[in-house]
Amino acid sequence: MLTKEQIAQRIAQELQDGWYVNLGIGIPTLVANYIPEGIEVEFQSENGILGMGPFPTEDEVDADLINAGKQTITALPGASFFDSATSFAMIRGQHVQLTVLGAMEVAENGDIANWKIPGKMVKGMGGAMDLVASADNIIVAMMHTNKRGESKLLKKCTLPLTGVNCVKKIVTNLAVLEVLPEGGFKLIERAPGVSVEEIQKATEGKLIIEGEIPEMKF
Amino acid sequence: MNKVVKDAHEACKDIQDGMTIMLGGFGLCGIPENSIAELVEKEVTGLTCISNNAGVDDFGLGLLLKKHQIKKMVSSYVGENDEFERQMLSGELEVDLIPQGSLAERCRAGGAGIPAFFTPAGYGTEVAEGKEVREFNGKPHILETALTADFAIVKAWKGDTEGNLIYKATARNFNPLMAMAGKITIAEVEELVPAGELDPNEIHTPGIFVQRIFQGKDYEKRIEKKTIRKD
Amino acid sequence: MLTKEQIAQRIAQELQDGWYVNLGIGIPTLVANYIPEGIEVEFQSENGILGMGPFPTEDEVDADLINAGKQTITALPGASFFDSATSFAMIRGQHVQLTVLGAMEVAENGDIANWKIPGKMVKGMGGAMDLVASADNIIVAMMHTNKRGESKLLKKCTLPLTGVNCVKKIVTNLAVLEVLPEGGFKLIERAPGVSVEEIQKATEGKLIIEGEIPEMKF
Amino acid sequence: MNKVVKDAHEACKDIQDGMTIMLGGFGLCGIPENSIAELVEKEVTGLTCISNNAGVDDFGLGLLLKKHQIKKMVSSYVGENDEFERQMLSGELEVDLIPQGSLAERCRAGGAGIPAFFTPAGYGTEVAEGKEVREFNGKPHILETALTADFAIVKAWKGDTEGNLIYKATARNFNPLMAMAGKITIAEVEELVPAGELDPNEIHTPGIFVQRIFQGKDYEKRIEKKTIRKD
């Protein structure tokens, strides 16, 4: 089973040179720590920066320079600042090549739910609905099951949706899966030491297994 | 065309109970601190506030919430505020949640005389309820309408006497869009300079969108999540 | 009868302190020469400048600084530059308080035609359709009749329209007229030495004359 | 993320017959001179050009018109060009005339993933023919759709190796909007600098919108109507 860091590390293998990438809060944020050698990517944060750098040192902290998670950040050489409409023009206009975000539930048709739990305080969708409706390439980073041990990969989402038919790939603590256009989670890789049976057991939606399923490599 | 007023008190003098107000900022970054303090002082109530977030318990719009001055919030994310939660769950506060990109674009549209536009954001979700759906390029989109306000209140880094504004870093966020969408737009700035001192090529908000400007004071610029690296 | 300069001068009397104004090419451009004492207005040119100044001296000429008529210009202190979408956001969003433009025909319901003559080379509408459809306050500056002596203030436009129900006021070489919401040209002022009869003769559309019509004052 | 190419020749290498190309500029102000010269040199034909104007007889897009490389022009105003007139009247050239503000907004929409929007411009005129009409706030509007292009070619004053651009004065015009709307966007600049030399706060077009950038040369910057005052 993968740690959160390893999920991020596995997702980082998907990065391609020259991509602009938007990382959600939580596990997705960690992806920035594992950019493969020889690959250059640039991070967009939807509050209005391209070319987001690492957290600042104590001396560098600037209240006017934060990311979408409201954390203080730095700007790399070549960065740019812009307003929120331009920021979402980049997202909606598909100029951002990859979006990585967390989810509470993903359905076998690519539907995603990650913003609202009925009966609980609703904090709002922030930019998540724009991101999932727009991105050509969405990877969900999440645990395979919830705290009660129930599958988060479902036939149909039970929570209010964030977007429909949009998730293309999922990386969990157990596996890498693709959402097929015709529906279903196609198993691509297993986490080291995790069996196909374990993944099957943790997956409520339709799991498609073809041939040998390799273990992830790091 | 001198638009300078003395302070937040003068700038906000005709903001009245029940009005709709847009307030720039993302989290606590780039919020009009002086004007918010003035609205608290003024005890104006029944406000509809359009702002991406709702501040924290003891800063930003949280100060207005605490005094029950806000009737309705129009935001994309409101999650750092216990009092907000209490008022929402008890039904004292109406909340309209809007995807962040749609919120930004709807403000811009309001300022740009575009009454409505199609966006893919929110299709198939509760955000789309009651909205027209239409397919473009094989993909469903929903029709969103423009937002405007009686007053827009924005915070800039530098401004000149004609209302031209320059924002700093990510404190820009919603400010330029809301500046366009206010029937009256108030700008508070960290540094107010005479017309001609800002490079016309570097202006983010042309003065035509701003009706009143003042030199703000005592900016706290509180940081919500100070995150540092050690090296 | 007014000269073109006098038409511009009369229109300039309509200016109010603090207004942003867009002037079309031809007679409207001349309005900038007659701004009344004590009044401050700022000129917008739709190619992307607010705070347009006078023509440059030979030394000041800058190929990157022109107006919508493609003439070289200067920028006043407090000017700003912006892109064409922002420029028309100002216009469409009614941030510009007054638009002055020329016309080939105006109808008694406020329709205007000023961009196309069937059978002749069509140059395009440029920004005219956006301006007339958006502005709250449009003044047309034109000769009362065309070169063949025919009225340009009509019951109905004969040329392809630029916009409908939009003209509020007209200043010609003969008169100042208001277009009433219910239709008709209400005569407000006569040019010095021009009789109501002469104006009536030169106006094909419904002319509304109430009481004494004063002469314009300069 | 180095996007620098050697010159216009390399930047335009895969522009092919029949493609749709957006070109920035207003009149001859802010046009991509080097790239236009390269397209002439390349003899690519059957182009659909989206550009506010069509150049003059011997400069700007007029050079492409003269060699019959343009099949269709999409513009708001085309009136300074005799060859254009001849080709249009003879039916050799298709022309789609669009109100200037709608042209600008349609390019922005194309880049911003907004497939369509309502505008009052053109209602009741031939521009509205075949378009949906809807009333908002008691005023009729027409539905306009987004424009995109195979290539957008823009001209900036300064640019960096990551494609960030700064325009000068009114040479900005359509350039930033078209930069957003190209599947591939080419930027030619008067001054190309290393990433980090432009202030991130002063950038007009963020590099994400630009795929190729090169240092242009021999800019003529012809003036259409030199108008001077004597004092």
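Worth a mention:
Labels for the chains are A, B, C and D, by order of writing; each one numbers its residues from 1.
By definition in this document, a contact is a pair of C-beta atoms (placed from the backbone, for glycine too) under 8 Å apart; a residue touches a chain by one contact, two chains touch by 3 or more.
Fair warning: this is a prediction, and the values are worked out from it, not measured in the lab.
Contact with chain C and chain D alike is made by B.
Placing every chain at the mean of its C-alpha atoms, the farthest one from chain B is found to be C. Between chain B and chain D the centroid-to-centroid distance comes to 33 Å (mean Cα coordinates, whole Å). Once the centre of each chain is set as its mean CA position, chain A and chain D turn out to be 36 Å apart. Chain C has its Cα centroid 55 Å from the Cα centroid of chain A. Of all residues in chain B, those touching 2 or more other chains are 105, 108, 112-114, 119-120, 167-169, 200-201, listed in ascending order.
Looking at chain A, residues 49, 75, 81-82, 85, 88, 91-92, 134 sit in touch with two or more other chains. Viewed as a network of touching protein chains, the structure does not reduce to a path, ring, star or complete graph.
Across the whole structure, chains are in contact as follows: A-B, A-D, B-C, B-D, C-D. Contact residues on chain D toward chain C in their complex (touch as defined above): 26-30, 52, 75-80, 85, 88-89, 95, 97, 99-105, 107-108, 119-127, 157, 167-177, 204, 221-231. Per the touch definition, chain B reaches chain D in the complex via residues 105, 109, 112-120, 134, 136-137, 141, 145, 166-169, 200-202. The part of chain A that touches chain B in the complex is made up of residues 45-49, 54-58, 61-73, 75, 81-85, 87-88, 91-92, 111, 121-130, 133-134, 160-165. Partner chain A is touched in their complex by these residues of chain D: 1, 108, 110-114, 160-162, 164, 180, 194-196, 200-201, 203, 206-209. Per the touch definition, chain C reaches chain B in the complex via residues 18, 20, 40-42, 44, 49-51, 75-82, 85-86, 88-96, 134.
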